[in-house]
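My structure is below; once you've seen it, I'll send some questions.
Naming follows writing order (A, B, C, D, E and F), and every chain is counted from residue 1.
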Amino acid sequence: MADQSEKCFTHFDGDGNAVMVDVGGKVESERVAHAAGTITMSPEAFQKVKAGKMSKGDVLGIARIAGILAAKKVDDLIPLAHPLLITKVNIDFCLQDEDNSIEILATVGICGKTGVEMEALTAVSVAALTIYDMCKAVDKSMVISDIRLLKKTGGKSGTYIRKDV
Amino acid sequence: MADQSEKCFTHFDGDGNAVMVDVGGKVESERVAHAAGTITMSPEAFQKVKAGKMSKGDVLGIARIAGILAAKKVDDLIPLAHPLLITKVNIDFCLQDEDNSIEILATVGICGKTGVEMEALTAVSVAALTIYDMCKAVDKSMVISDIRLLKKTGGKSGTYIRKDV
Amino acid sequence: MADQSEKCFTHFDGDGNAVMVDVGGKVESERVAHAAGTITMSPEAFQKVKAGKMSKGDVLGIARIAGILAAKKVDDLIPLAHPLLITKVNIDFCLQDEDNSIEILATVGICGKTGVEMEALTAVSVAALTIYDMCKAVDKSMVISDIRLLKKTGGKSGTYIRKDV
Amino acid sequence: MADQSEKCFTHFDGDGNAVMVDVGGKVESERVAHAAGTITMSPEAFQKVKAGKMSKGDVLGIARIAGILAAKKVDDLIPLAHPLLITKVNIDFCLQDEDNSIEILATVGICGKTGVEMEALTAVSVAALTIYDMCKAVDKSMVISDIRLLKKTGGKSGTYIRKDV
Amino acid sequence: MADQSEKCFTHFDGDGNAVMVDVGGKVESERVAHAAGTITMSPEAFQKVKAGKMSKGDVLGIARIAGILAAKKVDDLIPLAHPLLITKVNIDFCLQDEDNSIEILATVGICGKTGVEMEALTAVSVAALTIYDMCKAVDKSMVISDIRLLKKTGGKSGTYIRKDV
Amino acid sequence: MADQSEKCFTHFDGDGNAVMVDVGGKVESERVAHAAGTITMSPEAFQKVKAGKMSKGDVLGIARIAGILAAKKVDDLIPLAHPLLITKVNIDFCLQDEDNSIEILATVGICGKTGVEMEALTAVSVAALTIYDMCKAVDKSMVISDIRLLKKTGGKSGTYIRKDV
């Protein structure tokens, strides 16, 4: 319980002002983060995406590129994020017929002073938004959900694995 | 039912190649889009965000700025989105004590040739990611969900209102 | 001959200083520009690109996205270019077996005060660079050539068609 | 011959999906890349550029700045390129009277985990596009050609020198 | 005096939350803004800049390009600024021997729904920062001052001319 | 006196051409830069900013975020600046009732091959411009002044402290 009370928002100084926290003294280490999210759509839209994956009109191929590019823009999108030299990004999609949804999984790696959780979560989010953009002429009711960190390794705080993984 | 089958992904040409579709012939009209999403966190993190709103360490104020800035970057983030001159963005937060969640609502307006659904959805997503970033030292298990379009007005396809709104 | 001598570099003022020229007084009109370029590679690399187009490892699909995104960044890349709201971009590839080259064709449209020649030429260039990037593990000797404007319509100066088109 | 067949496109995983390849395990080394390209124009345009270099209206000075800035944007322009901390860029121009062309040479250096070939090639391309932009009021028929890697040193694959250099 | 008390910060809503204010209902008009600023340096640095203007090492030419490019990035730099299609930018420098200072003047034009004061002020600021960057090896004590709006025309609020102009 | 004459603009090569100077051979070291600047406004605007700091309409909180984000964009804004991985940014404001001015102080840190003076100066400048933007409906006559480097430590040239600090 005691250590619980130690936790605080690191992005503010003692006066409650936003800061980009000093990571200058942290050591570089191999770090990897895995994040996931889901976009659920109408059966019609889902079948079109699925068909495109096979032949032409590859929605997921474009969403993958958008997600990779977004992982490189995190320091521009998230105000207090540090600029980073990520060394690896990959994004996978899992088509789930049972509920017409697509699961998006992103893995980002770095050898650096801070973690890449935000890069993985942002890659998932922008890949999902890109799918929405490309399918919205067919279905405007799509929902993006369950964007979450699955696992991260490396760094002083060590390994985190989401309970339900 | 027939017109249903007419619908197709507008971001591909007849050969299945991605295109930024021609909106040159569309007329400019007033368009507004409303989107929403939710981030759910631990009671501890939620109470800290809530306290910050009142005094110092204003997580939501920073997330709002991040969301507004992101609405202006959509054409850079979403590959086939058109560049747009949005004329209005506002973002609201609703703190929901019952489940330690924050609902994020974004409204984007334009007088232009295409809609601003993606701008509203992106503003919500990046505001949520910014909240995640600022609270992750306290809680890594937060989940971002229910990112969806609530309503859009204007344009040739007219008004859309999500059924459950 | 006389009017020939009238021509001057419009991006400088009378003192030779760079300016973003005033287009405030120009009328908006429909404008389209077509540009092309070629990347020539080893037979091995060419065959791999060609195979990827059919099945997996779609180099050209990714180059297309990179070119479309680049067309939206021209005002950031070219110092004296005006910001524009392009309304259309498409990029096509023509695989030329006879010399293991790929021709890249870009068409950009706008209803605006200035032309989109730079947008079309930049889309071609960045698509070519992306192909180079993706194939360079197989062939570092690729050459990008013949980047040129094929045709442009609209605007005060009217239609231009390259002689050899 | 055998190792030739080993070569493959490194930007795809085993399923043909695009990835930003993992360079986390690569060692940092000094790397330099030299690239070149040419823009050919009408005698009239060429003489104006040449005159500007001497006195006022310095097209090449502006193209140099555009090329240097572009070398810093490669990870934003080329989807699967890694973000890099380049440590050096210089761009030279060689005015070739015999055919009214300008040769553009770029050198980029880094101490990093991946090479800077794309940075040098992109610097050349954007410098050439900037020359085109600034001279297009005089000549729309300019052609950008022979964008190629001349030499690169450093890294696991060692030195590459183009055969015709 | 009464209308004085009407004035309020337009970038906040009734609850004090930041908004990008709605300019959708405003009419487009020709608008021009003039801004200025000064950088003061050591005699040694000043003489080097002055010499460079004449022959080689053109600090001011590069600062001008940086200022023009910055005018196009205002909506990315200033959180609540609207994206705009500026139609004109020019930047002039006045070398003032008496106190080793350089006055920077920027003029920005647009036909749009909001003014371009921020674009002119940002162009001046970034041009000044670029001069600082290029001269800092010689003088780290330079001071940038008097960044101010000189005049603006157009729009509902009409013409503003600074008193001391 | 002799070493004084050694000093030269490092951003040009022997022919006066702009270069991004080679820092590849420099060693990484801890570096910190402190910069400051002032914005002076009408009593009315000043009181509104001051009031907002306490309750709602927090101009300074938004200016702080803008300044932090700008520190991460220096290599995009300043043509010959090197890309850097800054590890720390903080921005403070000092409200000066006696002359209705706000002093802006920025501190930027890095462990790298070049200094972060430009990052600190740019953070101050963009924070000031953001204050201007948010207050301009109340006062267009604000002046931004005294943007200067207070101190920098680390690197080969060692510590610099401004004389009047």
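Basically, contacts are C-beta pairs under 8 Å (C-beta built on N, C-alpha and C of every residue); 3 or more make two chains touch, one makes a residue touch a chain.
Please read all numbers here as calculations on a predicted model, not as lab measurements.
Touching chain D and chain F together: A, E. Looking at the partners of chain B and chain E together, the chains they share are C, F.
Different-residue interface: chain C and chain E share under half of the residue numbers found at their contact.
In this entry, B-E is the pair from A-C, C-D or B-E that repeats the interface of D-F, since more than half of their contact pairs coincide by residue number. Chain F has its Cα centroid 16 Å from the Cα centroid of chain E. Chain A and chain D, compared by their mean Cα positions, are separated by 32 Å.
Distance between chain centres (mean CA atoms), chain C to chain F: 37 Å. In chain E, 17-18, 58, 61-62, 65-66, 69, 73, 76, 79-80, 84-85 are the positions where the chain touches two or more neighbouring chains simultaneously. Listed by chain label, the pairs that touch are A-B, A-C, A-D, A-F, B-C, B-E, B-F, C-D, C-E, D-E, D-F, E-F.
Partner chain D is touched in their complex by these residues of chain A: 30, 61, 64-65, 68-69, 71-73, 84-92, 109-111. Contacts from chain F toward chain E in the complex involve residues 4, 7-12, 15-18, 37, 44, 48, 52, 55-59, 62, 65-66, 69-70, 73, 76-81, 117-118, 121-122, 125-126, 128-130, 132-138, 140-149, 152, 160, 162-163. Touching chain B in their complex are the following residues of chain E: 13, 17-24, 75-76, 79-80, 82-85, 113. Looking at the complex, you find that chain B touches chain F at residues 58, 61-62, 65-66, 69.
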